[in-house]
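Order as written gives the chain letters A, B, C and D; numbering starts at 1 within each chain.
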Amino acid sequence: MKRTKTLNRARLLISCSDQPGIVAAVSDFLHQKGANIVQSDQYSTDPEGGMFFMRIEFDLSSFNERFSTVEKEFPAIAERFGISWRLESERKTKKMAMFVSKEDHCLLELLWRWRSGELDVEIPVVISNHEDLRDIVESYGISFHYIPVSKETKQKAESDAASLLKDYHIDFIVLARYMQILSPDFVKSFEHRIINIHHSFLPAFIGANPYKKAFERGVKLIGATAHYVTNDLDEGPIIEQEVLRVNHRYDTDDLKIAGRNVEKIALARAVEWHINDKVLVYKNKTIVFN
Amino acid sequence: MKRTKTLNRARLLISCSDQPGIVAAVSDFLHQKGANIVQSDQYSTDPEGGMFFMRIEFDLSSFNERFSTVEKEFPAIAERFGISWRLESERKTKKMAMFVSKEDHCLLELLWRWRSGELDVEIPVVISNHEDLRDIVESYGISFHYIPVSKETKQKAESDAASLLKDYHIDFIVLARYMQILSPDFVKSFEHRIINIHHSFLPAFIGANPYKKAFERGVKLIGATAHYVTNDLDEGPIIEQEVLRVNHRYDTDDLKIAGRNVEKIALARAVEWHINDKVLVYKNKTIVFN
Amino acid sequence: MKRTKTLNRARLLISCSDQPGIVAAVSDFLHQKGANIVQSDQYSTDPEGGMFFMRIEFDLSSFNERFSTVEKEFPAIAERFGISWRLESERKTKKMAMFVSKEDHCLLELLWRWRSGELDVEIPVVISNHEDLRDIVESYGISFHYIPVSKETKQKAESDAASLLKDYHIDFIVLARYMQILSPDFVKSFEHRIINIHHSFLPAFIGANPYKKAFERGVKLIGATAHYVTNDLDEGPIIEQEVLRVNHRYDTDDLKIAGRNVEKIALARAVEWHINDKVLVYKNKTIVFN
Amino acid sequence: MKRTKTLNRARLLISCSDQPGIVAAVSDFLHQKGANIVQSDQYSTDPEGGMFFMRIEFDLSSFNERFSTVEKEFPAIAERFGISWRLESERKTKKMAMFVSKEDHCLLELLWRWRSGELDVEIPVVISNHEDLRDIVESYGISFHYIPVSKETKQKAESDAASLLKDYHIDFIVLARYMQILSPDFVKSFEHRIINIHHSFLPAFIGANPYKKAFERGVKLIGATAHYVTNDLDEGPIIEQEVLRVNHRYDTDDLKIAGRNVEKIALARAVEWHINDKVLVYKNKTIVFN
C-alpha cells in the first residue's frame, strides 16, 4: 500500500526574525499565485524580537507553470522580511544515500519502509566501509559501493564518496550505523542533510559503548537519538528520541538488542520527517512540524 | 510556579468549507487590525471540497480597544467564506464546574493542577450527588453543592444544577467520575462543553464494569478516554486517550488502581486543551491543535 | 550479534491447583537431579483454592543424561500434585511455520529478527494463499509453499498444509497477516500453538476494516493485539498488546501504516516469548513470565 | 477503594553467591514451617559464580507463632549458604517520612496515593526546611516539622531530623523534592532506605537546572529518575525511570511542568515497590521484582 502522492502540492519553509505581517504577506502572496493552502504550521521563539518559523503546504493547479512563478517571485517577499526559505515540490522525490558498516537493522528498516511506500524517497546508492551488507543492498536493486576507510585513506575515501553522491544527485545522507566520523569539510558540504542515529538517549552515554555503560548504571529505559550531524560529535540538533523499557534481567547483549529496536524506530521517524520537509533547524535545535 | 499569562493575546478558531484564499483573507484582516500572529495551525479534511479548520493565536497592543474592533469586524470576513468562528481573549479566564460522585482521583488531579498554575481556569463550584467530597472541595475554597439524584428527582436536580451553573457563569463542565447520565436537554445546553472521562480505551469495554471485563479478557494494557459528552453514551468525540501496561498479576482491584492513574492523566490533558481552546469538534471527531 | 545459547539449560513449566509444598517438592526434586535453578517465576490466581503456575529455568551438567532422568522421573511428582507440565531443552530449537497472504511487514520483521539472532528459532517453511511473497521468502533460503484457498478447496488446502507442517516437524505457527480463517479441527491440532496478530487494540474494533472504523471513531491511539488462535474469532488468549499515538491528521492510509508498525512490534514480542516458553495459557488468558 | 491486606502473609528477601540447592533448601524450609508460597521471583547475575537474589511471598496460618519460628530458625539456613536476608510481615505497616522543601507535586501525589489506599504505608511525619507546605501536610493529619538548614546549622538540623525519625520509628525516607544534600553520616544511617526523585533522565543532565539544560539541548523526551540516595550525588541505584514526550513548543516552564508530572509518576512507583519489598540493591544497581 503506497500513500497517494499529490502531484500538484508544494511546500514552503521559511525562517526569519519575528515581525508583524509575515503570515499575511506570505499567505496573500500564495493566494495571488493561485495557491490553495492545505496546511500551515508556525512557531515563534518569542513574539517580541524572537525567531519565526513557518511551513506551508499548498496545492497549485497548472502546477509546473505556477510553481516556477512562485519560485521566481517569492524572493521579493523574502527580501522584504529578511526571510531564509526553501521551496519544495512533491513531484520531485528526494534522493537519499545510506552509509553503513556491518550492522543491518537500520538499513533494513529503512529499505522496508521505502519498498512498502511509507518513505517517499529514492535510494540510488548505499556506501559502506565493509563488504558485509552488499548482497542485501543489491537484492533491493540498489547500487552498493565499498569504500574502505583507514587513517591514511580517509581523505581519499571521503572524496570518492563525495563524487558518488554527486553522480547520483544525492539530496541527503543517512548514517545507518556507519562507524566512521566524517570530516568537517564533508559535513559542511551536507549541512543539516546528514542524519545519524545515536545509540543512546542523548545526552546520556555520549561516546562509545553506551550499552555497556547503560548496563553498569542500571538504567530502566534504553533510548536512541536521531540527529543531524555537526562537527561536535553527538551534539548535533536532535530530531527524534525514543525509549524502550528494560530491567535488571537485561545483560549487555539484551540491551544491545533493545537498543537496535529503538534505534530503527527513532531513525525511521526522523528520516520520514526530513523527507517530508517537516524539520527546520535553528542553531542547535530542531523545529519539527509533525 | 505559574505559567506567565500574556495579557494581550487572543485566539481565533474557525471552521468552514475549504476554499482558496481563506488563510490569506484571515491573516490579512488580522494584520490590518494590528495583530501579530504568534501561532497558527490549520487542517483540511480534503483540499477539494472538504472542511477547513484553523486556530490562530495573536497579540494585540492596546488590547481592549483592538480586540473589540476584531470582534466587530470579523463577521464580515466570516460571512464571505461561510465561517463558523469563536474569538477568545487570554484575559478572560474560563469558569469550570466539576461534577463528581464519590471517587476523588480525577477531582484532586484537576484541583492540584489548578492550584499549581498548570490549568489557567477558575473553579467556582463543584456539584455532587453525594456529600463525600465536600470537605476536600471546601478546603480548596471552592463552593460545594450537594444535589442528590434519584429517578423521581432527576429533572429537578438537573434544573437546580443548571441554575447554579448560570449563577456562577460557568463556561464548561468536567464530569470527574460523575456517576449519573445527563439528560439530552442538559447536554444540549452545554454542547461540546461537557468533558467526561471514560474508564476504558474506547471503543473497548463500553458500558459498566470495564475493569471486570478487562480482567476477564486478560488485556495487557489498561486505557482511559476523555471525550465530549453527547447523547450517545460513550460515543462522543474523543479528545484524548492514554494507556498503562498491566499483566496477569493485576486483579480487578489492581486494574482499577491502574485505571484511576490513567484516567486522571487523560482527563487532565483534555481539560488543559479545552481551556486553551485547542480543540475543535467536527461531527463526531475532534481536531486537537496541540 | 547472536545471543549466546546456553547448551545445558532446560525449562520446566507447570500448572496445577494451588496447594502447599509444590515449590518445595519441585525444587527439591530438581536439586536431587543435579539441577541449578537459574530463574524461577510463579503465579497463583488465589492461594486459597486457586490455580498455580510456575516456570523454572535450570542448568544441568552432563546434560543429555540428566535431562532424560528428569523427564523420566518428574511424572511421579506431577502425579502427586496433579500437575500439568512441559519440559523443554534449550538445545532443541523450535520449528516455526509462517502463514502469510500479501502483506509483508510482519513476515519481514520476524525474518529479520530471526536472521539477526534475536529469535532463537528455525523457520523451515512459509505457507501462503498467494504467490506475492515467494521471492522474499526464498531469498532467505526458506521453502515457500503456495496453497490457494477457496470455499471449495478450503478443506483440501488445510489438509495439504497439515501434511507440510508434519513433514517439516513444525512446533508452532505464526499467522503473519494471513487472511483466512482456520477450521476448528486445524486449530485444535495446534492448540495454543498458533499465534495471530490482530490489527486492533482488542476488544475494540473486532472484525473487518479496523482502521476504517478507527478513523471514523476518531481514536487517538492505534493498537495491535497478538493472541493465540481459538475458534472464537478475535477472542483467543491475548499475549501482547501495543499502541502508537495518532491524531486527526491521520487518514485511513496513515492509520494503516501506523497499524503495520505497531502490529509487527506486538507480534515479534509474542513470538519471542512463545519461543522462550514464557507463556502459559489458562482458560482464555495468558500468564507471561517475562 | 483500599486493597485488601492479607494478614497472614510474609516476605523473605535473600541474596548470596549463586550455588546449587538454594531454592530447594529455602522452599523446603518454608514448607516445613507450614508456609504456602504464593509468589517467588529470583534472579542470578550468572549461574556460574554470580550473585543470586530471591524474593518469596508466603502465607502462614497461626501467623504470629509461625512467623517467629521462621525468624528464629531461618538463620541456620542463611549461615549454610552465606545468605543476607530480610524477613517482612504484611501485618507490620512501614513508617515513611517525607522531606520536602517548597514544591508540592511529589508530596501531594504520595499523600493522595496513601489516602486512597494505593500505598500501604504510615506517614507520621513530614520534615521541611521551609514552612510553605505546613498547611497541606497538617490537613492530612500528619505532623509537620520545620527544620531550617543553613551552612552553619546543617549538622544540628540533621541531628534534629534524626531524633524525630527515631521518635516516629521511621523505616524509610522519601525526598520529595527536598532541596538539600544530606551528609554521608545521615545517608549511612538509612542505607538504601532513602528514595530521591531526580528531575532528569539520569545520567543525562546530572546536577542543577536540568530543565534549562534540556531546553538548550532541544530534547524530545523529558525524564525523571527515582533512586536510592548514596554519597555519590545523582549516582545512587536507579529504581525507576519514566519519560514524557515534549517538542520545540515547550519553553523552560513547560518542560518544568512536564517534568513535575513525570517526576511524581516515577517516584510513586519506586515508593510502592519499596513499601512492598520488591527492590533489592546490589552494588550500584537494583533488582526490582515487579
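In this text, contacts are C-beta pairs under 8 Å (C-beta built on N, C-alpha and C of every residue); 3 or more make two chains touch, one makes a residue touch a chain.
Being a predicted model, the structure only gives us computed values, none of them experimental.
Comparing the residue numbers each copy contributes, subunit B and subunit C share more than half of them at their mutual interface. Farthest chain from subunit D (centres taken as the mean of C-alpha atoms): A. Chain pairs A-C and C-D differ in how many C-beta pairs are in contact, and the one with more is C-D. Separating the centre of subunit C from that of subunit D, both taken as means of CA atoms, is a distance of 36 Å.
Centre-to-centre separation between subunit B and subunit C, using Cα means, comes to 42 Å. Residue numbers of subunit B whose C-beta contacts span two or more other chains: 43.
If you sketch which chains touch which, every chain touches every other chain without exception.
Remark: subunit A residues 1, 3-4, 104-105, 108, 112, 116, 118, 139, 253-254, 256-257, 260-261, 265 touch subunit C in the complex. Residue ranges on subunit A touching subunit D, taken from their complex, read 43, 201-205, 216-221, 223, 237-243, 247-249, 284-288. The touching residues of subunit C, counted against subunit D in their complex, run 18-25, 27-28, 30-31, 34-44, 47, 59.
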